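Same chain, two partners: chain A is paired with chain B first, then with chain C.
This part shows the complex of A and B:
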């Protein structure tokens, strides 16, 4: 291969990576966004993500259908989210601590239950071959869009509409902004929060499914690289807006693809440094996205 | 929709061992404007919270239009047409006024049609004499606007009985008259009954028909405002306690300059200049009154003086030395302070009253020995201060956040004035206090001045400033725009300077 073709491949690979590796970021950050709009932070979404990945893979292996696997991920993630909401509703419970506990629980449970699924191959989720017109394999590969990505776009749109145009969304924002106000209005605070944390967990579960059933498309214990935790930073960066979660997820996905793409192009010098790009980005965002406009008032971290 | 009648019978409420209400009975006639009076901590807020279901009474009954009703939840009160404007703001700060009002309205459809909601609300606003911007987040509104929005919300909900907990404490007298006048009109039209908690006799006399008085959680009397008169109402509130004497100003010439501010600039939270080119002196043995409408840089100025906010530029000196409000400097200056919203700005809300009283001195003997805190001494000192300043609290170990608004104020003053001070910085010191506590605090401020302390009194209450100050400064748009003495001052000129910005 000649040098100019290689360099041309880098942005293409970053674009492909943005969508491929951005999908789990998108779902888990949407999940975190929804949870935080209700005034709680759920670090346990990392656990829901890993549990989702395992359930999706195991479900697909056992049933032979990736769609049933996806359903299993939604249920598993949703249950973990619900558990977070329930435990946090007890008096004097800190949502951060519970989140860390649930993260460890979710990861541990997934590793324990997932042992038998490391070997077998599960049927993967289908993809749209938007690059079929091209004869260039790089282009074809880059335009292979997994089905979950459009689903994520739909989730973004739905969540935006739900938050701005429905009674449920307005009430949830009120609960997240000021619990006292919500109480004075007689809103069902617990129910609203539970619905948000459960849905948030389910979204994180879908994020896990996109890891195990599409990219990288396997189940093992090193599958997640902390997407569930980084989602917290993403949501700050996205100022708690679903659409901005999409941009943030693409940015992080693309940053994750930078290292491998450069390596493929023959730039090997700072390989590990480029691989760390998403984490560096996380730190940079946390350090510089100090403007907290739009933060739900009940979030303890935003005070 | 017709106004409701409300009656409470033998209501009782306790918090742990502490009896907040006992055997309270009273009645508000349909279409009347009723005042609920009592000292700080008398149980007024507790009583009305029980009526609207925000708290549950332990005993007693509530009758609405002569039928006994179970009100277990604000939604129950809502369904009956009872509404309340709380002592603290209750609109969600991150949502817009429109969103807050829409969320509160009953029978809200699951899918919102914002255009229709806005049209509906605007049609209602055309009939209401109050105006607030609809689309700004509530957090960005000034206090007066927030209060108007709160009342607007209640009116929007078609209330037939409205409870107001110190509704005018954040309003200027003109705004207060406007709001209360409107509500008064609705009572005369027979559409609304109002139960209002207030510490301001002027308002009670101008707008209320009847009063109920509470003292230490018990009912002590009721009657028509005109029949009782101010004297009798005050006597009912106070019981056998003696009224404090009005503060006596000792004749003295101001001494050396204690606090010097020159060309000071301070930024607000958004980084915009809130105070710019500010300059004034405060000398020993004088009270300098800083008058102005809230939101003209007073908060930022006081925060800068207390070391809570960075100084952007300019000179800030105490006793001729540069001063930035570190703990050591505050000690050296002998500074005492009472910032506004003391629960938020001068207390740790979840810590006990005794611990909060020790915040200035906990790390020194006798409260500390060899680097170890002596809990017993801290509690004992807390008890002494609680007694000396008549802080009404369930005990020294109760979290300070559980105290009534006025008692938080007293607790902070107790801490600050526990030892003689050379420099006092106080902001709205009697905000929300009953008249007796207000008089007691004014007396302490005057006593400190007479003893040679330099006092900076920042207040939105012109009467307070004219009564206490030796010199009056007017702040507007973050700078001093006018200086005069109380003797030479006329309200009209002051008002013009205050509104200058």
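This part shows the complex of A and C:
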């Protein structure tokens, strides 16, 4: 094995992984960010993500169009998000427990309904070949940018604008920071929260679609590795800011690519340990960078 | 005489034993929630083109319909009782711990690694193995409590991350340093000597882990409801500020509750290794830690209520194979039912109350 190739392969693979594996993190953390700005935590985004992945794949197989698959993922994720919002609007219901229930239900439904789609191949989403100029296949692979990634950048910008510059965003932040104030102002608390959790679920659904329709680009029961749950930690790290969600997602995508990249480069001894890197990273971030600045006041996490 | 007895009856009616009344109300709520789940799941089956009555009949048959079904159900209920305690005990301190699976893996691995060397101890080999399993699980979930109390890491997310880390560590050790070179296709630790195996209960086909599970639930009940420590835990969990004001070590109580819960889950791992698998391998990650969350919530965080609930959830899991073979349903059918069950338990009580309130408002007395 020649040393010069290996030397470049690892950082290149980590860079590629940051974008490729970071896309699901980006969408699902944006979804969680929006949900939490309304004052609720939704662990059920993991269920929305898996359900989204299944719906996208199934939709693409049945219709022949990956875009219709993406739409199916948005609808499925949005419905699960809406359900979380509705159940949490009942009195004395714990949003974290509801999230766990929705995670179980979403994953169960996805496995149940997705059984017929494990075998067939779905048409994948297109990608931008930004590395076409290079003759190095590694570089080309690394610069093959998933069409959902720029969409994620747009979603970041849109959410930032919506939260800071629109009446809806201001009202949602008010609901998330102090329900009493929101009630005194006469804001439609239920409707605002429902819209935020439903949109959050839809974003998680897109994250699932990027798993099943781009990378790894298949549907099976081991597709998600808990991205929907880690999103909660990502949002803490991102201090509830959409743009910071982007950096966090890239960091986690890169960390997740470290294990396979090292294995490909011949470092196989601790493969599983390197695969745990994103989880260790999350835990470390939550333990040592856990200034709660920017946390919505109604959030159970900050109490 | 009759007047006094009448008024006594009236007083009794007005103020029945509050604990009995509360227990009855909780039972009614749970039964209502089970009915709601059955209804929702039935509707789902109809929508998916299946006959719900046939599915329910088969569920019953696969769970409780024969001696073999009972054996299958009890084998699954045993670890569920212990992993449910890993949710119930921290819940008493106000924490939602959902990473019991990590403690199962760590406990099973510790017991397997130790048990291999204990062949010479005879029947005494099981005791150090159980201690090792409980210790490993206790430390793992205790860490969750520690991170929560000292560093403010949310325990639901922290425990789940630690479960993922435990799974990676488990795979690393079982496929690497602790691997039996003879296990070719399925990496595994060396097979346990006979002395380190947990036997069955008098030819029933059910291993002794069931007794341990039942005992643990009874002990947890006594600890929570009949000791000063349990009372302190309840106060600390119900109202941490009040707990601190009266001088309770709130943080330490929470960490201890996590540690005890983790020890129970670690013990579940040890039992699975010593009674079922005979070594630590990927079969240990069967999801008992996660199913334990469901058991704990359906049991409304009451240790004694875990016993029937573990039978119910274990029975549903046991009938999964039959549903697959007879009706051609996907193996995830059981997961869908579990999902509906979990949500129904959370939703039923507030939902029924809201409905009752609306009816009362419409018809003023």
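Everything that follows uses one rule, which is that the second predicted complex is superposed on the first by the 302 of 303 C-alpha atoms of A that agree within 3 Å, B and C clash if a C-alpha of one lies under 4 Å from a C-alpha of the other, contacts with A are read in each partner's own complex, and residues count from 1 in each chain.
Please note the rule applied: a contact is a pair of C-beta atoms (placed from the backbone, for glycine too) under 8 Å apart; a residue touches a chain by one contact, two chains touch by 3 or more.
All figures in this text were calculated on a predicted structure; none of them were measured in a lab.
In the superposed model, A:279 lies in contact with chain C only, and not with chain B. Look at A:82: by the touch rule set out above, it reaches neither chain B nor chain C. In the overlay built on the shared chain, the residue A:233 is in contact with chain C alone; chain B does not reach it. In the superposition on chain A, A:96 makes contact with chain C only, not with chain B. Touch criterion met: A:180 reaches chain B, while chain C stays clear of it. When the shared chain is aligned, no partner comes close enough to touch A:74: not chain B, not chain C.
When both complexes are overlaid on chain A, the residue A:170 reaches chain B alone and has no touch with chain C. With both complexes superposed, C is the one of chain B and chain C in contact with more chain A residues. Against chain B, in their complex, chain A makes its touches with residues 165-168, 170-171, 173-174, 176-178, 180-186, 294-297. Of all the residues in chain B, the ones that touch chain A in their complex are 54, 73-75, 78, 84, 86, 88, 90-95, 99-100, 102-104, 108-112, 114.
On chain A, the positions that touch chain C within their shared complex are 43, 87, 90-94, 96-98, 100-102, 104-113, 115, 221, 225-226, 229-230, 232-233, 269-273, 275-276, 279-280, 282-283, 286-288, 290, 292, 301. Of all residues in chain C, those touching chain A in their complex are 48, 96, 98, 147, 151-154, 156-158, 160-162, 164-165, 168-169, 171-172, 175-176, 293-294, 297, 330-340, 342-343, 345-347, 350-351, 353-354.
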